[in-house]
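A single structure is presented below for examination.
Just so it is clear, A, B and C label the chains in written order, and each chain counts residues from 1 on its own.
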Amino acid sequence: MDFLAPRSAQEQMVRHVEEGCPYRADDVMAPEQAVSTGTTIMAVEFDGGVVMGADSRTSTGQYVANRASRKISKVHDKIFVCRCGSAADTQALTGFVVNYLGQHAVELGKQPTVNTAANLFKMIAYNNKDNLLAGLIVAGYDDKRGGQVYSIPLGGSRIRVPWACDGSGSGYIKGFIDSHYRPGMSKAECLEFVQKALCFAMSRDGSSGGVVRTLVITKDKVEESMIEGNKLPFGP
Amino acid sequence: MQAPVEHRWSPYADNGGTCLGVAGEDFVVVAADTRLSQGYSIHTRDCSKVTQLTDKCVIVSCGMKADAITLHKHLKARLVMYEHQHRKQASVTAIAQMLATTLYYKRFFPYYTFNVLCGIDDEGKGAVYHYDAIGSFERVPYTTSGSGSSLVMSVLDAQIAKGNQTVDTPPLDKRGIVELAKDVLSSVGERDIHTGDYAEIFLIDASGVTPTRFDLKLD
Amino acid sequence: MVQVEEPQDYVDVLQSHRGGFSFENCKRNAYLAAQAGIKPPTAMKSGTTICGIVVKDAVILAADTRATNGPMVADKNCEKLHYIAKNIYCAGAGTAADLQHTTEMMESQIELLRMATGTQPRVCTVVKRLSSMLFKYQGYIGCALVLGGFDVTGPHLYQIYPHGSTDKLPFTTMGSGSLAAMAIMEAEYNENMSIEEGKKLVAKAIRSGIFNDLGSGGNVDVCVITKDAGGNILRNYEKPNERKFRAQHKAFPKGTTPVIKETIMKLVSVETDVVMRD
């Protein structure tokens, strides 16, 4: 992919790490192997809000470091972000944006817009694209534009979309989404749609798994729900 | 996605372990641990490194277990043929030479084994031979090989060869050397992660091969 | 190859002396590695099994006690449970020097904070500071930590990776023996355990790491952190690996090592015109 060109210009690293040892490369001059969220994340807009969904598996190589992680993080009362990529990078990024957006909200005196939040994410992601590995989906509700979904993939571009999915498992469900998505779905239909898509992705992608966490954000409330991995309602 | 990492397949593996052999006036003591490991995992805690080749000769190999199995099998087959041809069992000196040529035969894809051949020679004296992976060998009064060999060698140098010591103390007897081998293996088991579990000690003298076994640390 | 910048003016020189890490030798090391193939010395790492659980009224951490330097055991009974505050402790896996210095730095920062605010330090504060610092160094500080504590908001357990990512969990294991320990945890953990049951579970998990992972060994250290009593380290809670055999060696007789030369130098000189003041 073109926007990854600077990264691949790094030198070839020959490194032999023994199997089953997360922290055993004995060359202490090299950084440790990073934890990445293998992941499938997704968000869909409907009239009056958004539905966000994510799996819960965080992996280091082939080992599942956390089987119940929360990949949907709160940025503000009605603005949330789905994180994929390097766990450290996305957590740090989210921390910065929560800080800046919080200050902005205080100065503004009212709820910040999803557009602003997405823009903050984009600015940091784009300006540090050489050093970050973060794929984000910023979604939420504000009074100005209603429910919105913004996709911010690896290079730091930002685009508003009716639905977005990202992560290693997203490729398995893009065809499914293209064929089953219709604009103008209701809240319940969107929720079922997101759950279904995530179930399919988790059953095919080895780096996605655990539980399905979904979040529905509307003008009035934020509802969180969870489906355990052994009780998935949909599957191949 | 991470920076490119090159994967290279290696036909060799290091299964760890330590062994030692000490020659006495008319006996030989051979000791080895029984842990088989790979990387930071244990394959098995109870795998013998020692093979008895004849009534008077024993070989112990550290390094790669697969190559050790094949090498020992090969040697035993050759010795059966020798016995058929010469109507007697091969002497330690003959086996020593044969092992050297067998190893050198695979000079360009070696057996990854570090062998110690021990036995009673034709004059009734204890013999210990030390080998490298491709067949260079030397008869020595004592030797050691394996992952913990560096820890063992200095102790043997001090207690058996008594190098750099001005005061003369009598050499260790059979029992003393067996106690020393036990102590040495226990100490290596403390400090080398690839050595441990159980240890086998073989005492070879005129009456034959006497095996004993004792416990090392399991961690 | 490492990109090293020469200081261009006094501002760069001042910046480079600001504290934290000194990168003075980077250029020399890069040169040595490239020209003479000399690699820097390896640091001591603890292979390690560490784990932590949250039970009804406590957080329990546990660790093994082996520090390795490659395939050699450098320390058979080292301490991997570090004190951060009276109610916050952490278990560390990774590079021994990094762990020691990072946890000591956290301990002093948190003590200063406690004195400044007059309140009991919170676990989330430590987590934030640790993860920010580790993220700043992009994984080059090899600290993998299981951090546990009991503050006003209740018991908390976090796992923190060298790159700075954190996870908040009810039970966790880290280190080279983490897979062995996690097997025990997944099978036997439940959130309604008592403190005694919890201690037995973590000890069992660490024992699993000790016997099945070659990078872990030695004894089991346990730390129990409760609401009122704070943290209490039970050093060598279990000692499943006593040495089984030790021969009786006769002492070397006096005169065994030949003395070739003897030189005596007087290093201390006493001056009588110095008056000691209180």
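Convention: a residue touches a chain if its C-beta (ideal position, glycine included) is under 8 Å from a C-beta of that chain, and two chains touch if they have at least 3 such contacts.
Going by UniProt, the chains are A, B, C = Proteasome subunit beta.
Since the model is a prediction, treat every value here as computed from it, not as a measurement.
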*Which chain maximises the distance between its CA centroid and that of chain C (Proteasome subunit beta)?*
B
*Could you tell me which chain's Cα centre is nearest to the average position of every protein Cα atom shown?*
C
*Just how far, in Å, is the C-alpha centre of chain B (Proteasome subunit beta) from the one of chain A (Proteasome subunit beta)?*
57
*Using mean C-alpha positions as chain centres, tell me how far chain A (Proteasome subunit beta) is from chain C (Proteasome subunit beta) in Å, no decimals.*
33
*asked:* With centres defined as the mean C-alpha position, give me the chain B (Proteasome subunit beta)-chain C (Proteasome subunit beta) separation in Å.
replied: 38
*Give the residues of chain B (Proteasome subunit beta) that touch two or more other chains, as numbers and ranges in rising order.*
39-41
*asked:* Two or more other chains touching the same residue: where does that happen in chain A (Proteasome subunit beta)?
replied: 20-21, 24, 34
*asked:* At least two partner chains per residue is the criterion; list those residues in chain C (Proteasome subunit beta).
replied: 47, 176, 215
*Sort out for me which residues of chain B (Proteasome subunit beta) touch chain C (Proteasome subunit beta) in the complex.*
37, 39-42, 147, 164-167, 169, 179-180, 182-183, 186, 190-194, 214-219
*Which bits of chain A (Proteasome subunit beta) are touching chain C (Proteasome subunit beta) when the two form their complex?*
11, 20-24, 26-29, 31-32, 34-35, 58, 60, 63, 65-66, 68-69, 86-89, 91-92, 95, 131
*In their shared complex, at which residues does chain C (Proteasome subunit beta) touch chain A (Proteasome subunit beta)?*
1, 40, 42-43, 45, 47-48, 70, 93-95, 128, 131-132, 134-135, 138-140, 142, 144, 159, 161-167, 169, 174-176, 178-179, 215
*Taking the complex as given, what residues does chain C (Proteasome subunit beta) use to touch chain B (Proteasome subunit beta)?*
47, 66, 68, 71-73, 76, 176, 210-218, 240-241, 243-247, 249, 252-253, 255-258
